[in-house]
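The next part holds the structures, each set out as structure tokens.
Here come two complexes built around subunit A, the first alongside subunit B, the second alongside subunit C.
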Partner chain A sequence: MNITNGLYIKKFLRRLIPSLFTLLGISLVSFMLMHLAPGDPASMMLDPKLSLQDKALLKHNLGLDQPLWTQYGHWLGHVLRGQWGYSYVSGKPVLRAIAERLPATMILSVSSLTLILMLTLPLGLWSGYRKDTGFDKTVTLLSFVGMAMPTFWLGLVLMLIFSLKLDWLPTSGFLEPGLETSSFWEQSVAIAQHLILPLMTILIGSLAGLTRYYRFETIGILTQDYIQAARARGLSETRILFKHALKNAMLPMVTLLGLMLPELVSGTFVIEYIFSWPGMGQLGISAVFARDYPVLMGMLMMSSVLIIVGNWLSDVAYRWVDPRIS
Partner chain B sequence: MRRLPYLYILAVFILSFGMSFIPGLDATRFDPLLAGQPQAPSLHHPFGTDDLGRDVLVRSISGAKISLLVGIVSVVLSTVLGVSVGLLCGYFEGVTDAIIMRLVDVLMALPTLFLILIIQSLWKPSIWNVVIVIGLTSWMGTTRLVRAEVLSVKQRLFIISAKARGISTSRLVFKHMLPHTLSPVIVSATLGVGSAILTESVLSFLGLGVQPPYASWGNMLERSVPLMNEAPWMSIVPGVLITLTVLSLNVLSDHARAALNKKERVVS
Partner chain C sequence: MSLKVENLSVSFSSGGHTVTAVDHISFEIPDKTIVGLVGESGSGKSVTAMSVMQLLPPQAVLSGSILWKGQNIMGLSNTQLRSIRGSEMGLIFQNPLAALNPVFSVGNQMIETIVLHQNVSTARARDIAIELLQKVQIPDAALRLDHYPHQFSLGMCQRLMIAITLSMRPKLLIADEPTASLDVTVQAQILTLLNDLKEELDMSILLISHDLGVIAQNCDEMLVMYLGKLIEKGKPSELFKHPMHPYTQALIAAIPSPFSKRSEVTHVLKGDIPSPLHLPSGCRFHPRCPKAFALCSEKEPRLEPVCGREVACFLATEATSNSR
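The block that comes next holds the complex of A and B.
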């Protein structure tokens, strides 16, 4: 027992240490990128009428007058002690500013991931099984079109149809201003109504990848000998499809999910922005426009951690699902 | 049906690059009589006009040139960079390889679109900056591909025999290794053009890409947002064009993959 525990810890450390170096590299690259650019936030956030001395004082207070390496060392030292600094725009601590946006982003990403998983598997499985039929061709065409559309434009078109023309759904936002004090149920319904359009936009854009993948896997699996053997034994087609093909087609799903994560993270940014969904993406884009360095650094580091952990988890999950991989 | 994507891409190319030779078609020219009130599609303006009285068809064709230019040049940049770094790392291995591959890991763990947005907002947005930024943030996949291919090709007999014949390093790399890595690179580059066009459209949509008065499909979309209800053609035309272009490029890349990969041809 002790030996296996030791092994696990060793394995864990072997993954952890390179990841920490990767994160250090990411922080260095992003910090330098931001601070080497022409112009600085002090002159952006200030009243142009302010005197030169006041400007210098502000730069000094923000630490922007020091050499770049000192600034980076300063930032890193604080971050390691858990202090991520304060937003230049709202004055809130960075971690709190991001944490406030987490629930909305979680609602959007968890529901879209769940639906992607639930929809792509049957679609891909069936179009692989019924290869080259009308169903397969329609699914293939639609998924190709979905992949080729700019997601933000799709969002705008959906908004035009369902909110402006048909007036079925709210155009944007999260919760109407008057509803903060109403019951949990009423709030949930209102949020769900606002959720539909951004969710549809994400779904249409990202169904293609996994559906194509499952289709391809299914086609490959159905040519395998063990499927022929199962047919020869007289097993029913449903049994072959669900028991034999499905199980094997699902294997690489975990890896793919891990790989999709970076795209889901930055893909939802623009969608949140268009639909005024108060999540991390909207915060990120407004921080981009305001040159809110501390928030930008925080967001970049958080998303990178998320991506690294995602890759890692999918690796672990893959080993767990498929014991042949050691 | 199978030729349709090829014909479409060809048509967009000829129209957008040939337009410069037709006098009187100027994407920045506006009709002062029509300014302020976008006109619905008519015989005179088949795709309507925008709020400055500019013809949407002419602007779309001119935007095609910029979108294709951005897509192709940035992919050429990222492919050249990706292939050379991949060859370098695969051939020499050792410390250089280890350091560069860690850098690749770093860049791949960053949310790319967000990174591009940050860079574009910090540096002055221009067409060339868009090209450079997309090129510099999308070479890592190609590098991994080429490096893996070189590492496996290295063990093959024809390389060992070429080495034994005392062939020069550059000849070995460019004549014997490079051709083996090209087919996956071609497939991923075709896909890359489509995704670069999409990235350009997002950037221009947020006002961080191609700047007016130049027309790009992305900044045409940006302009259409406040008028979406009154003048939907301003939004639909460039959106459909982007979709068709990226769709055709993706189909092209799918065909290329199928043609290059015999195993897949047997399976599907």
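The block that comes next holds the complex of A and C.
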């Protein structure tokens, strides 16, 4: 038991140490690029009418007048001690600024990802099984139409139909101002109502990709000998498709899910912007416009950590679902 | 008579071309016999096997009839065929590793089959599976049941396939090149196993092979195919002694003998098997036939009875009609 534990720790460290170097590299490159890009926070923050002296003073106070290397060292030193700095715009601690935006993004991303997976797998499997039939052609056509419609346009059209014409759903936002103190149940219902339109917009645009992917996988799998062999054993078509083909078609999903992990928290700018959804996408884009370096670095580092963790998790999970990899 | 195939034709159309892989063949497999089907790659052996099980892809066009115990199973749906597949006819493949689903344990696949066909509980099915693995001589059967296909050697995988097929107690076993991917020693073990099981279960076997030695040792009857046509059929002992069709003669002459010198091996057929897209006129074998004459390229010889067997060659039928 101790030996296996030791082995796991050794494996874990072997994975962890290079990852730390990767993170260090990412932070260095992004820090430098960010500061070398034109524009500076001081001019974004201040009234243009203020004097150059005031601007220089602000820059000095933020430490932006020091050499880049010193600034980076300063940032890194603080981060290693768990201090991520304060937003230039709101003055909030970076971690709190992110934590405030995370729930809205997660509600949208987790629900959309869950629905995408639940819809694309059966659609793709069945399209592949019924290749070139009316069902398959309809799914293909509709999913491509969905993919071809630009998100911003589709979002506005849905808003026009369901909010303005039919008046079924709210146009945008997350929670009405009056509801902050109401019960959890009332808040959930309100958020759910606001969620439907952005969720539909995401779904319509992203069903095509995975459906086509599963269709293609299924077509390939159904020509395999083990499917013929299963049929030769008299197994039912349902069992062949939803047991023997399904598990094989699902294997690559593990990798895809790992790659999608960072997307779950980074949010989508276009959707969040159109529907005034107070998520990470909005935070990120406003931080870019304001040259809010501490917030940007915080978000970047969070995504990087999640990319690395996602990769690692998908490796572990792959080993768990595919017996051929040990 | 368990299986009777009459005028079976199979063609595939792709890109505007139609390729006829099997052309009007008829044969029978009586109870408790082993029938061998030989021919080069591309002669239509596997397509024949797959059409008997109705397992060809949907783009295959079949005609003729396949009678199983008097019932024509041609064109039945997958659902209708479920009562025949497995419990009446079993199939083992050339590549046993590919025939097992890589992501389920061997036990899982065996138990699923046993539960379906023997109507027993999962726990009982597991015991039956262990017994079957012991029967096909897989050591540590109880332990091996939880292993995955890739953890077995090819020979072991073929034993597993045989064990799974046997759990369904089929009356006809279709073995499509069951030993082609195996070592010679393993090959002999598998064939012995099949022969023993045939006796025990009173099965018939359709044994497909390109290896004439395998056919000669194991079969009661042998069918020779060339480019989708049956060209000779009869008892292996007679066919080996006096092959009548020049193609059968060439096949037998091409068997390497450990006693012949390299320079003596001259019986090699000219050229390759022609593309089924451009079939030769007349007898399909005439462009490669050392004994071809004018008539061969004009008229197609029919499979006709000659001295207790059937041959599709003008030379064979002529020789017998002259002698009468």
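Here, the second predicted complex is superposed on the first by the 316 of 326 C-alpha atoms of A that agree within 3 Å, B and C clash if a C-alpha of one lies under 4 Å from a C-alpha of the other, contacts with A are read in each partner's own complex, and residues count from 1 in each chain.
Methods note: a contact is a pair of C-beta atoms (placed from the backbone, for glycine too) under 8 Å apart; a residue touches a chain by one contact, two chains touch by 3 or more.
None of these values were measured; they are calculated from a predicted model.
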Partner chain in contact with A:K247 - subunit B first, subunit C second, else both or neither: second
First, second, both or neither for A:M299, with subunit B first and subunit C second: first
Which superposed partner A:T223 touches (first subunit B, second subunit C, both, neither): both
Partner chain(s) touched by A:L115 [first = subunit B, second = subunit C, both, neither]: neither
Partner chain(s) touched by A:M147 [first = subunit B, second = subunit C, both, neither]: first
Touched partner set for A:G234, first subunit B, second subunit C, both or neither: second
Which superposed partner A:F289 touches (first subunit B, second subunit C, both, neither): first
Most subunit A residues touched (candidates subunit B, subunit C): B
Which of subunit B and subunit C A:L203 touches, first, second, both or neither: neither
Contact residues common to both interfaces of subunit A (with subunit B and with subunit C): 223
Residue ranges of subunit B touching subunit A (in the complex, touch as defined): 102-103, 105-115, 117-119, 121-124, 194, 198, 201-202, 205-206, 218, 221, 225, 228-229, 232, 235-236, 239, 242-247, 250-251, 267-268
Subunit A to subunit B touching residues, read off their complex: 18, 21-22, 25-26, 29-30, 33-34, 37-39, 131, 144-145, 147-150, 152-153, 156-157, 159-160, 164-165, 216, 219-220, 223, 262, 265-267, 269-270, 273, 284-285, 288-289, 291, 296, 299-300, 303-304, 307-308, 311
Touch list for subunit C against partner subunit A, complex: 50, 53, 55, 57, 78-79, 81-87, 89-91, 93, 95, 98-105, 112-113, 116-117, 148, 150, 161, 164-165, 168
Subunit C-facing residues of subunit A, complex: 223-226, 228-237, 239, 244, 247-248, 251, 321-324
